[in-house]
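Letters are used for the chains, namely A, B and C, taken in the order the chains are written, and counting of residues starts over at 1 for each.
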Amino acid sequence: MMNSLIEALNLNKGDTSLRAIVLSAKGNVFSAGHNLKELQISSDLEKQKLIFQKATELMTSIIQSPVPVIAKVNGFAAAAGCQLVATCDIIICSDKSKFSTPGANFGIFCSTPGIAIGRSVPKSRAMYMLLTGEPLSAQEAYESGLVTKVVPAEKLDSEVNETIEQIKRKSRSVISLGKEFFYKQIGLNVLDAYRLGEEIMVKNINSLDGQEGINSFIEKRKAVWNHK
Amino acid sequence: MMNSLIEALNLNKGDTSLRAIVLSAKGNVFSAGHNLKELQISSDLEKQKLIFQKATELMTSIIQSPVPVIAKVNGFAAAAGCQLVATCDIIICSDKSKFSTPGANFGIFCSTPGIAIGRSVPKSRAMYMLLTGEPLSAQEAYESGLVTKVVPAEKLDSEVNETIEQIKRKSRSVISLGKEFFYKQIGLNVLDAYRLGEEIMVKNINSLDGQEGINSFIEKRKAVWNHK
Amino acid sequence: MMNSLIEALNLNKGDTSLRAIVLSAKGNVFSAGHNLKELQISSDLEKQKLIFQKATELMTSIIQSPVPVIAKVNGFAAAAGCQLVATCDIIICSDKSKFSTPGANFGIFCSTPGIAIGRSVPKSRAMYMLLTGEPLSAQEAYESGLVTKVVPAEKLDSEVNETIEQIKRKSRSVISLGKEFFYKQIGLNVLDAYRLGEEIMVKNINSLDGQEGINSFIEKRKAVWNHK
């Protein structure tokens, strides 16, 4: 499953007609995370290491994807499944969704999920999830900043589609430049971030689509993006 | 406009009767950010660089101001206008206010606004704003932590005034020391922050107004601040 | 008081029957923070330094405790008392609780409380608390992420007890490993955090209780933890 997701996330990276990626699931479990059977002592150490390297590669593929990755959640997202959701750029969920990191119940603390969740919600919520294993409801997940929006289940598709339409109206190369910079700057000291940001703004302005955007605005016409 | 704001923010820095700065606007747009006409290809590269250096200087002037800078928002704050708001120490807005980073619609991703906003709201909200350009309502901005308070438009002035009155009851030099330390420590490792914080607390206590504060508390009288 | 708390937090560190620590208070003030009388100019500089080093030691004892530390708040938590609450892993409060950092009213800016609070709530709320000294209600503290949950006062004990029961169902050593890693990784760059996290996951899996957890899950039986 992780290999399939990594492959799918990277498959059409260079195809300018690819504008957004939606991660969704069938049934009432979005993802329950790792398969515990793969982690028994019988499996050798190298295999275990590989499993968690794969998980990191999957999260990195989302962060480094040139297009926005949207989680469409309609059910339970647990453990590494919750990490997967928290790592997406935009997270839209139905009011039936729940989010948890119950690993400690099975002897495996959700340490790597905690990396994504600890950067998405306040510490008082992240530690509650990790230490008790208790789920957040969709509403609590919204109140904690984990998800972008909560909608009734029957409106989930239309909400995600509207989000995609908003992204499609923009230049792919501009979105890609901006997304890459966001994740780069967020780990920096604020003044270093501004120094780098100034350069990125000038680079953006002088790109083909940067100039097309400004010109179309001034000429009061619809922009025609090159996307490159 | 940026030059005027920078000048105004720095003008009376040393005047101890200056106790707070309020940024507000006339009309139903708080600020729409940069003037896109200044960023056309016809303008040379050096001018473009200067524009974004100015923006950084403006944000830095807010952060480094010795007095609290309060955004009083009653309308739309977009792009660098949203960055300006997010950079203020305290943000009080009316329920009619909206906040957006729609730059990508015009080919210019709000990369530098994202520096301030990414440090003010959870990633799931920041990325939604940046990638879709869609606004947050005042209530959503409150729920995302972007603003301190939302009040009905007719109560905006009184809420801001009460906030200023609270600040005026305190020592200017104590507020200034504390504000400077807050922004210094927030980028540090928590243990390094505490080491530095211990020194700042001792420095604060042994200042004129530190001792006046303690003595007036013990003597059950109103403090008479020196402000220096 | 700080000495007593530090001693109590560290006393039974190695006792595997200790599973969680609850900080609570009698009366309607959880904690008002430092005793200002200790900080008068008459007291020497070395004593003042020691007081703030003690406070850091207290906060560090919470962070480094091998078991979850839960704040049970039913009243006012102010200044270093608010810092104490914000530093706990899980914070459950009654709807009568309030949270403030009013030090600047007494000439002493809550600089060290701001270290904990600035890492717990959005900047727009932390700066409001620090610069005005005004309290957040329990509900506002929840909306700002400062507290995990707000419950009616009469349900405070049962909510805290349920939380402890959830923790007791897990392995102490797994909880301890996970808590330690959470605070270690949160200060790291996200990719460095994942590299370290991969190692921690493999270590966790190959621990006694890691394997017991997985085996009990696969064998559909209740886990019997070793806790070591």
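Heads up, the rule we're going with is that contacts are C-beta pairs under 8 Å (C-beta built on N, C-alpha and C of every residue); 3 or more make two chains touch, one makes a residue touch a chain.
Everything numeric here is computed off the predicted structure, so don't read it as measured data.
In a homomeric contact, the two copies may use the same or different surfaces; for subunit A and subunit C, under half of the interface residue numbers are shared, pointing to different surfaces. Remark: rotation between subunit B and subunit C after Cα superposition is 120° (nearest 5). Here the CA centre of subunit A is 29 Å from the CA centre of subunit C. Within subunit C, contacts with two or more other chains are made by residues 119, 121, 143-145. If you check the complex, the residues on subunit B that touch subunit A are 36-37, 39-41, 45, 48-49, 52-53, 55-56, 59-60, 63, 104-112, 114-115, 118-119, 121-128, 130-134, 143-145, 187. Those residues of subunit A that touch subunit B in the shared complex are 68, 89-91, 119-121, 142-149, 163, 166-167, 169-171, 174-175, 177-179, 181-182, 185-186, 189-191, 193-195, 197-198, 200-202, 204-207, 209-218, 223, 225.
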